[in-house]
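Each in structure tokens, the structures are laid out below.
One chain, chain A, appears in both complexes that follow, with chain B as partner in the first and chain C in the second.
Up next, the complex of A and B:
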């Protein structure tokens, strides 16, 4: 992480238009403080044209503040915001090529649906006839034309969501910012809406920056997932990268289905590190830059990589008592007590008959290459 | 033994009756004055009425130099209207400023409210002394206006604070991200949403100024406002003419409030039915 982000300079404002034509958004070490509280601590991010980016993290991690800095609703203390290669760090929201969808949709209570949707075009001073035509098109394509004369108070949650989306999309902004856009919807609606939004994003080629604390949303929607914690980025990458190769103990712990271990490296031999933890000693395969003996490290094993049918290949074994079994339909998750007091999760595909009962002691095993040594900073 | 739901209903009736009694207590004196204002030419200021007529209303209209209420009435109306407009503008601005939380906003809040707490006579007297020291001539449309605004403003301020307290800031932010400047956002989004509060602040400004006595007393200069003129008249002789003025004023206020309410209702209706 670069702790010395350069404040934006005037010469940078003019030059990069041709230099980075393919980037819709670039954040250069933005930083935002509220009194003693640092909300965003040097966030750098590049969003390619038409990319779907999810900012994922627990509440208070700075993801919404980051989004608001992109929108221009907050001014970063330092660092730079570039939209379409143009420096806009100090521009007000109305001078940025963005639109935003708010968590509770923030519809204008005093305007009809048609009026709200027309608002963005009116601000662009488009001729009246053109606005009316566009509004009709957009309302039709979002299947809310029948609601044109209704006011927000008389709409359902799903309808409001559509109106908010239509209002934001009508000006065809370069970037659409979405702050927990489906968090206010009924749970049963979310999956459908997610799919619709994904298809809409692919069809329009508008970059989406989607803030959420829900990893299901982030992993099923994002081309790029940015995991944030305590005002900084822990890891950014494709959903696969983040799920399979978590960079830090935080990411591994935050993402569902990981078993995180913390310990000290005892020895490193032939691509394997032996790590002593409170739950026992385990072998972890290491990459091109292995840790040194004595290093404090953390590693994780995904719950589905573990097995209760242990063979010679499973160099790591652990005996524990099963305390609970959760059934998810496709997966049966077993919770075990670890020697260090934490839990060990073991997923078995649900199609198999249950092999382990609550209260039973089992020996579980995994191979060194099933575990991921975290390369990021250790907390 | 009766259930708690039945007891609840009983309490409801009891409190309802009490409320009605209170409302009668509040409005009966005004109604009495209104009734007496229609008494005959020989009628006094108490019952019995001695006939009914519009005599005392004619008296108000056909006034002598000594007891002509029309100029004070005009002055009071103008003054109240000016106070209403000033209260609306300043209280909206002050409440907007409070939303932003500036340095010393706590002090600002309490200093604004001091206008409500400070005794009117002292404020009026102090202001008059200060004006005398500064060599400013007292007049109903300068010094009295200023003192009255210091009285009406805090009420408008509290009204607008309450309105903004329930205001969803993200609605404004949505407008900003849709390309509206701050001014356009205020005009198209904020203002329409706070109109009920604005009207409330205006009504406070008007009604508080219209019947203000203590603050006007020392700051008025040569030309009196209606309350001062009425008090002067009361010192000389009381006739039902005073009641006629009171009744007209009350009616005027009622009509104004009704019009405001109706206007608000009509506005809501038209925006909800208007074709896009």
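Up next, the complex of A and C:
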């Protein structure tokens, strides 16, 4: 049985999930303090079988500590860790059904590539012949068989990454933990490696928990994206949910392309809330549980939902001066100066629309339903 | 980038002072020593014929040969004891002591005795090991023994005890350095690959500290082989090693015999160092990281 080389196992892996839903990982309110500093403050998370989960957040938000609690490298002060439905909170790393890929890969400097990759199987006390066979298979499927007798010092960054991945995957763990696994790679390599890892994850059905501060990674890879800040979870959901419906001002601000406004609700009428902000008053559509007049709220508008061709439908308008234009190939981003001193981002797709020059004043508009009122906890 | 190219003529001049010093105090004396050890005949002069007689005389004497053997055994014992002890201390200091303040305090406590000279430290053992010394007093006070144990001072045991305390530091120092250079992620990676702590130590930590162990062993080896002061002080006149023999011959104006022993001692040391270098390439220390 070689899950790393045979794509056919996907079907087998999916079937039991439908019949008997089982969680690969469950975190129940884990907490971790270092002296006065709270690194993780009550994180709860459920990871279904074979899910690709990305823990996304700025540095120091507790995502790595959370991952280390799952690995058993840190013991949470409070809360529980369940792997495959089994309580493992107090178990050491070597008694958990996980493998981990470290940020700088943590390859053993004194071992050849073949030895590194064999290490996990040796720990599982597999017969020698089987280990040799499996190592050869895995090295071949990761296209690093030619490196078998080399030591890490003589490998390139991309090669080290493959060795680290092969070393972790060969034991076929239930969960693979990845701590910024492509952060050490050249930028040009990252996209290729990301795609390979995504395909590998889908093929093997092993749950991936991927820690990153790079939202491009999180949104292009994750089935579930968990946005963290200050030791707690701000929002978890599919990439679409987080991109389209950010729950908090932090999430909206952290995710690229959002314009965040903070203000006070003036009045609420027929599904619309009027919010007074330092940049003006705006109408925001509200959901089933609308805020009350006087509430402090925040909302956001995505840069691509704004237009400079304002019509009657655009109930929210704003006049501002363009201070910079950034060109990304498919998108042209205009940076405007808002009345409250913050910036307003406006994205234009393609080359057809009229350009706005730097220094030019424009009237920009958006509809109430283009904006999202944040419903999560307010900072 | 340095403006001095590695093999430029200018860079050679930088090596001249050190080279002249080494030539004067190391190379020339050694050449003289080797030369003198082959001098034969009755007169002691540069016109003496060169023979192997001095060496033949040394190896013909069973006492000397036994002394040479016991020097090797003694040194090997010291290497083993200080190696294990030094490694334990180094591991404890770097891996187990978490607080930086405690680590510094313990490290200082560990090295403070080394601020005095070897001879003073050797002499300091006498009131400790003697018949009415601290150890015997303590043992009798605790009731382990009724009468003082005489085996401590002027004995092989006493010499070993004193030398262990003198040289454990040398075995531990390089290991501390090597342990500190192991990234914590390496041990963690091994643990997540299902390796329990003992296996992590044996498969990851120990191999990575091996160069430090070997350097420490070389230091202990060289020092114990050449340490006549401790042996003379604590061994009294009952015990001697090769290095004491050199002194004995020298004081008896038997310069040729002293040279022979000195040369043999040097050969032993060279063999030891070459053997160590074959185990670990000390020159490439840390190159893997």
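Assume the second predicted complex is superposed on the first by the 356 of 379 C-alpha atoms of A that agree within 3 Å, B and C clash if a C-alpha of one lies under 4 Å from a C-alpha of the other, contacts with A are read in each partner's own complex, and residues count from 1 in each chain.
By our rule, contacts are C-beta pairs under 8 Å (C-beta built on N, C-alpha and C of every residue); 3 or more make two chains touch, one makes a residue touch a chain.
Only a predicted model underlies this, so the values are computations on that prediction, with no experimental measurement involved.
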After the match on chain A, would you call chain B and chain C a fit or a clash?
clash
Once the structures are superposed on A, label A:23 by its partner contacts, choosing first (chain B), second (chain C), both or neither.
neither
In the superposed arrangement, does A:118 touch chain B (first), chain C (second), both or neither?
first
Where does A:211 make contact in the superposed view: on chain B (first), on chain C (second), on both, or on neither?
neither
Just checking: does A:163 make contact with chain B only, chain C only, both, or neither of them? Give me first, second, both or neither.
neither
Examine A:39 and indicate which partner it touches, taking first as chain B and second as chain C; both and neither are also allowed.
neither
After the superposition on A, what does A:99 contact: first (chain B), second (chain C), both or neither?
both
Who does A:149 touch here: chain B (first), chain C (second), both, or neither?
first
For chain A, give the residues common to its interface with chain B and its interface with chain C.
71-73, 92-94, 98-100, 102, 104, 106-110, 119-120, 123-124, 151, 167-168, 171, 177
Which of the residues in chain A come into contact with chain C in the complex?
71-73, 92-94, 96, 98-100, 102-104, 106-110, 119-120, 123-124, 151-153, 167-168, 171, 177
Write out the stretch or stretches of chain B touching chain A in their complex.
168, 170-171, 173-182, 184, 188-189, 192-193, 271-276
Applying the document's contact rule, which stretches of chain C touch chain A when the two form their complex?
183, 185-186, 188-196, 199, 203-204, 207-208, 287-289
Can you check the complex and tell me which residues of chain A touch chain B?
71-73, 92-94, 98-100, 102, 104, 106-115, 118-120, 123-124, 132, 135, 148-149, 151, 167-168, 171, 177
